[in-house]
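Order as written gives the chain letters A, B, C and D; numbering starts at 1 within each chain.
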Amino acid sequence: MSEKLGFVSDYMEGAHPEIIKRLTETNFEKTPGYGLDPYSDSATEKIKKACTCPDGEVFFLVGGTQTNMIVITSVLKPYQGVIAAETGHINGHEAGAIEAGGHKVLTVPHKLGKLSAADVERVAKGYMDDDNHDHIVMPGMVYISQPTEFGTLYSLAELEAISEVCHKYSLPFYVDGARMAYALASPQNDVTLEDYARLCDVFYIGGTKCGALFGEALVIPKKGLIPHFFTIIKQRGALLAKGRMLGLQFDALFTDGLYEKLGKTAVEYGARIQKALIEAGYPLYLESPTNQVFPILTNEAKKKFEEEVDIAFWEKMDEEHTAVRFCTSWASTEEDTNKVIEIIKANPCK
Amino acid sequence: MSEKLGFVSDYMEGAHPEIIKRLTETNFEKTPGYGLDPYSDSATEKIKKACTCPDGEVFFLVGGTQTNMIVITSVLKPYQGVIAAETGHINGHEAGAIEAGGHKVLTVPHKLGKLSAADVERVAKGYMDDDNHDHIVMPGMVYISQPTEFGTLYSLAELEAISEVCHKYSLPFYVDGARMAYALASPQNDVTLEDYARLCDVFYIGGTKCGALFGEALVIPKKGLIPHFFTIIKQRGALLAKGRMLGLQFDALFTDGLYEKLGKTAVEYGARIQKALIEAGYPLYLESPTNQVFPILTNEAKKKFEEEVDIAFWEKMDEEHTAVRFCTSWASTEEDTNKVIEIIKANPCK
Amino acid sequence: MSEKLGFVSDYMEGAHPEIIKRLTETNFEKTPGYGLDPYSDSATEKIKKACTCPDGEVFFLVGGTQTNMIVITSVLKPYQGVIAAETGHINGHEAGAIEAGGHKVLTVPHKLGKLSAADVERVAKGYMDDDNHDHIVMPGMVYISQPTEFGTLYSLAELEAISEVCHKYSLPFYVDGARMAYALASPQNDVTLEDYARLCDVFYIGGTKCGALFGEALVIPKKGLIPHFFTIIKQRGALLAKGRMLGLQFDALFTDGLYEKLGKTAVEYGARIQKALIEAGYPLYLESPTNQVFPILTNEAKKKFEEEVDIAFWEKMDEEHTAVRFCTSWASTEEDTNKVIEIIKANPCK
Amino acid sequence: MSEKLGFVSDYMEGAHPEIIKRLTETNFEKTPGYGLDPYSDSATEKIKKACTCPDGEVFFLVGGTQTNMIVITSVLKPYQGVIAAETGHINGHEAGAIEAGGHKVLTVPHKLGKLSAADVERVAKGYMDDDNHDHIVMPGMVYISQPTEFGTLYSLAELEAISEVCHKYSLPFYVDGARMAYALASPQNDVTLEDYARLCDVFYIGGTKCGALFGEALVIPKKGLIPHFFTIIKQRGALLAKGRMLGLQFDALFTDGLYEKLGKTAVEYGARIQKALIEAGYPLYLESPTNQVFPILTNEAKKKFEEEVDIAFWEKMDEEHTAVRFCTSWASTEEDTNKVIEIIKANPCK
């Protein structure tokens, strides 16, 4: 409970007040467990409608690493691996969860956190063309995150190209949408939930970082991708007994466009902070269209900012410079944003 | 949201109002993630104090199967298995989570859901005495649940005997306390949290079934049993980003004796229902000292009760009789309890 | 290199001289590795012919536990377990290999080492009928060994009954034939290799205990049961670089009926020893129709026999009695058999 | 059984005649199984003596991938990964065996197939210095192969430097010696078996590619690195029932310096072929000091050579050029070597 302005990440607060309200109102109701309750049903229907996939399936899980691990290890066959950008969350920040589940992450280079359809094709074709491919790991699916770990966005055209390669090589296409609300809210975005349902085999709409206490909504647009998925979820210890907690939260998030709305202010505040940093002369690690902003600071400026603002270390550039992250969230306020911009203005890059 | 009286299980409602209050009050605070927040610290301290294990460690996990799976697969070496009663939750109701983690459940017969120190010794000694034991699974730890899956209780003497055998054969002793509040609250109980900390190597105090929205508090009385446990939790997808949600709940549960209190009414109401069933002439599957009550009903009586009360199927006894479960919870009311007793009285066993 | 008569097991010697001859003759030939050599091709054809499964697949593996582990973990889905008799080799003598591969062994009671079609049906139907079966391990295949761990045999009628239940519940049926030569050679046997190919989904014809230096021939009568099996074998470290060593051995074993022949003498000598034990008044643990013989000896008789014969401990019956095993092999000689019979005659049961 | 000259790999033939002789002579002896026989004991003693590690342990396994998989997954803790060159056999050619065992391969760049002490330190130190390292895979051991997959050699100084970093960061150091005989026999080599025992925590002396039918001798210089390793070997399906087959072969290889001798001719013939290729004007992919030789051929030259010699594809360099491998073995003859050199001379690079 720091006294500083909080821009360190988007999972520092509780949940959108609407969610707290719903939890409170329904607290003493008795409903069946394990997601077999009416709130989970309602949330499922709303999400399927938002994605225009009436025949799809929706599963609610607790967290992102859990969702990635379970989806990937369930879709892959034992002799397969998952293609991902080297910067993909599953490759570097999930403590080896995919490997612990028995599978190799087949990395390709990234460009602003994104992999390319061409790289996917290179790996898939390389496998097919290799006479000795029975001795190596077979590419078995493709993982991307949207927005990426760098806050960048795949365009619709990019997603369509990846999807096409995936279909060509029978690779299920999976999108990790931990921060999906901030993608949907970006002025630069041209991809709808309906597009994900059309182009992907499985994707998740993040709750934890987008206004929920916790929870991710996994969407399988064409039902049946993962048989007996309920049991798999149970086996991995990911089945929430009081599953309605997940249903209630996503039901709230998908009522009256709340999910899109709460991403919007975060992205606006992020854009304002980014603009202020540019105007103050700070170079950017990369230009971000979403709620994460990455200036490169001198050691002195970093120290100065950190006296008043909680921000995150990103990468040491050289002895004198460090890339940091300012991260807004659904809970960021205009007041705090104005304050941080004042601080930036008061400390221009020298 | 059934119109019937709800006695089907103890995870049908939300959370104790005190918890909802705390979540609401703190909702907009910004705290570090992953359990590194002041509420988790505070809950940890309170639990360590309640268990009188100042040098212990406390970890908060989301659910019971998750906790069992992670603890057991982390404590066991690859060549070891876990000894459990054949009725143990890990053996029959967790979808093979222990085996999915690479380990055999070494089952022993149960008596009212309990294993005996003698059976543990038989397995451990049998392994030691077997000249070919290098070809078989080595017993590597002991699992029990308290209260058991049948609502029964190990006495302090029984736990001490098991603990002694465990130490003799260097077997870590693990207690699954998913319903621990109802054990602590039973008039028949003679085991304190301090006793668990003294006798066990690791145990958990259940939240999900005992008044929390979700969550289990894992206690390792002597720190260091599982090195790098934080990373293991992350790798298994069990690390909650907004870890303070767990901390807050257990902080509330361990403030002013709330945890003991909420178990107490549940056990009292359970005892009253059990008494009413006995007086109405129903035989019991077994006599329960906690919040689960198991009468054997004729098909006709079962049908009759189910018209007005949600109860759980337990076991088919023969063509004419079925054991069922009436389960009270922290949220059961005196009013509902009185109503169900009236229904029992009105439908005596014929 | 004990001076005693050797009846302790059937893997104490090298290989049938015909195999040694073939290895020697072909030693300097250069052939492709990994089983892609002409000898493996030839052996495959001979086995497919012997089993009358022209469209089947044959894979050569090094050992029995390896074969069981790879087959079972490849056929099962992550949420499934394998049904086996509690005495099945995979349950008690393979160091938890199936569980290490992620799967539960669902045990059923045995009768003389055999499970029954009725027990398989009970488990499969019990799963189907259980309203909560999404929380438990799904039966996914059936494992038996023929001859069993006790040397007993399933009759053709018994196998047909099991096969029928397996088809009814879509459970692949797997037969572990580690000692298959001794089954085929038993006067009591009424099951042919063609029968296995007709009734099973996968089975193996043992080499290690039946005259080879090592090696098991896995037969999948209808090709395609396990896609990418070559890669799976490689991944589990079970792909022999000089795969022709396996092909050569099975090519020899399946030339001129060698495999049946070498089982025959072993079974005959076993029967003679069993007869001698009965005549000398020794009770049997069970009556064996194959190469393993199980008398119950007094401590005194056991000590006496062990002075001159290497035999195996089987089970302690009580303080005064122990079941032991006399095991003949393809390498047992008439001379040694006569000698052991003389010893038995000289030491009748008192 | 190609009519061509055979230089495609070093596992195309059977075994050194001395091994065949020993197998034949001892064929009817009866010995205990699972490596508990006098030949395995004798081989163990000879290897410990050759390595000057009297207190070490030796285990015999069947193949290289099997050995790598079992050693690495046994040494690593669940939250750890293994550092290897990106070209390491475990990373690219073992079908994901390490990941299937639950662990990430942490790759570093290679130089001629070798990793550097500096790169190991960079990864180890990077982990230590990362404030968020609890969320990532911990480096847990170091894997190299000697000779490397490119036939190159680490010098003693390089191994000492790696060993030093390993000790500094408590990383067990593992050397894969699948082709160790060819390393020991190289004129460029300055590392003895004693050095490996001094510098490594575990390494294996390859048999499969060095004159045995199959088999690798794993050496743990200081006993106790992997507790219950026998059971682990059994559990992974890698325990050979007739373990003496491994003992006999290594006993022969370590009698009268046979292992060093058989590497020597192979390396000499390789050097002569490499010299001929250079003199014929062919560029090398890299210069090899062992039994693998890597010229870059034009498509035309490749086609020409392949009419008369079996060689291996290595890497496509561009549309017109391909790197190939000529591989000699313990079984290569002077006559064949002369013939291949004549063919090279007759087809100089244009």
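Observations
Heads up, the rule we're going with is that a contact is a pair of C-beta atoms (placed from the backbone, for glycine too) under 8 Å apart; a residue touches a chain by one contact, two chains touch by 3 or more.
Source: prediction; values computed, not measured.
Most remote chain with respect to chain B, judged by CA-atom centres, is D. For A-B, the equivalent interface within A-C, B-C or C-D is the one where over half of the contact pairs agree by residue number, namely C-D. A separation of 34 Å divides the Cα centre of chain C from that of chain D.
In this assembly, the C-alpha centroid of chain B lies 51 Å from the C-alpha centroid of chain D.
Each chain gets a centre from the mean of its Cα atoms; for chain A and chain D, those two points are 43 Å apart.
Residue positions of chain C touching 2 or more other chains: 78-79, 94-96, 100, 134-135, 231-232, 234-235.
Across the complex, chain D meets chain C through its residues 1-2, 6, 8-9, 11-15, 17, 20, 23-24, 26-33, 38, 62-70, 94-97, 100, 208-209, 213-214, 231-232, 234-242, 245, 310, 331. Contacts from chain C toward chain A in the complex involve residues 73-74, 77-79, 134-135, 138, 227-228, 230-232, 234-235. Interface residues of chain D, counted against chain A in their complex, comprise 78-79, 81, 92-96, 98-105, 131-132, 134-137, 313.
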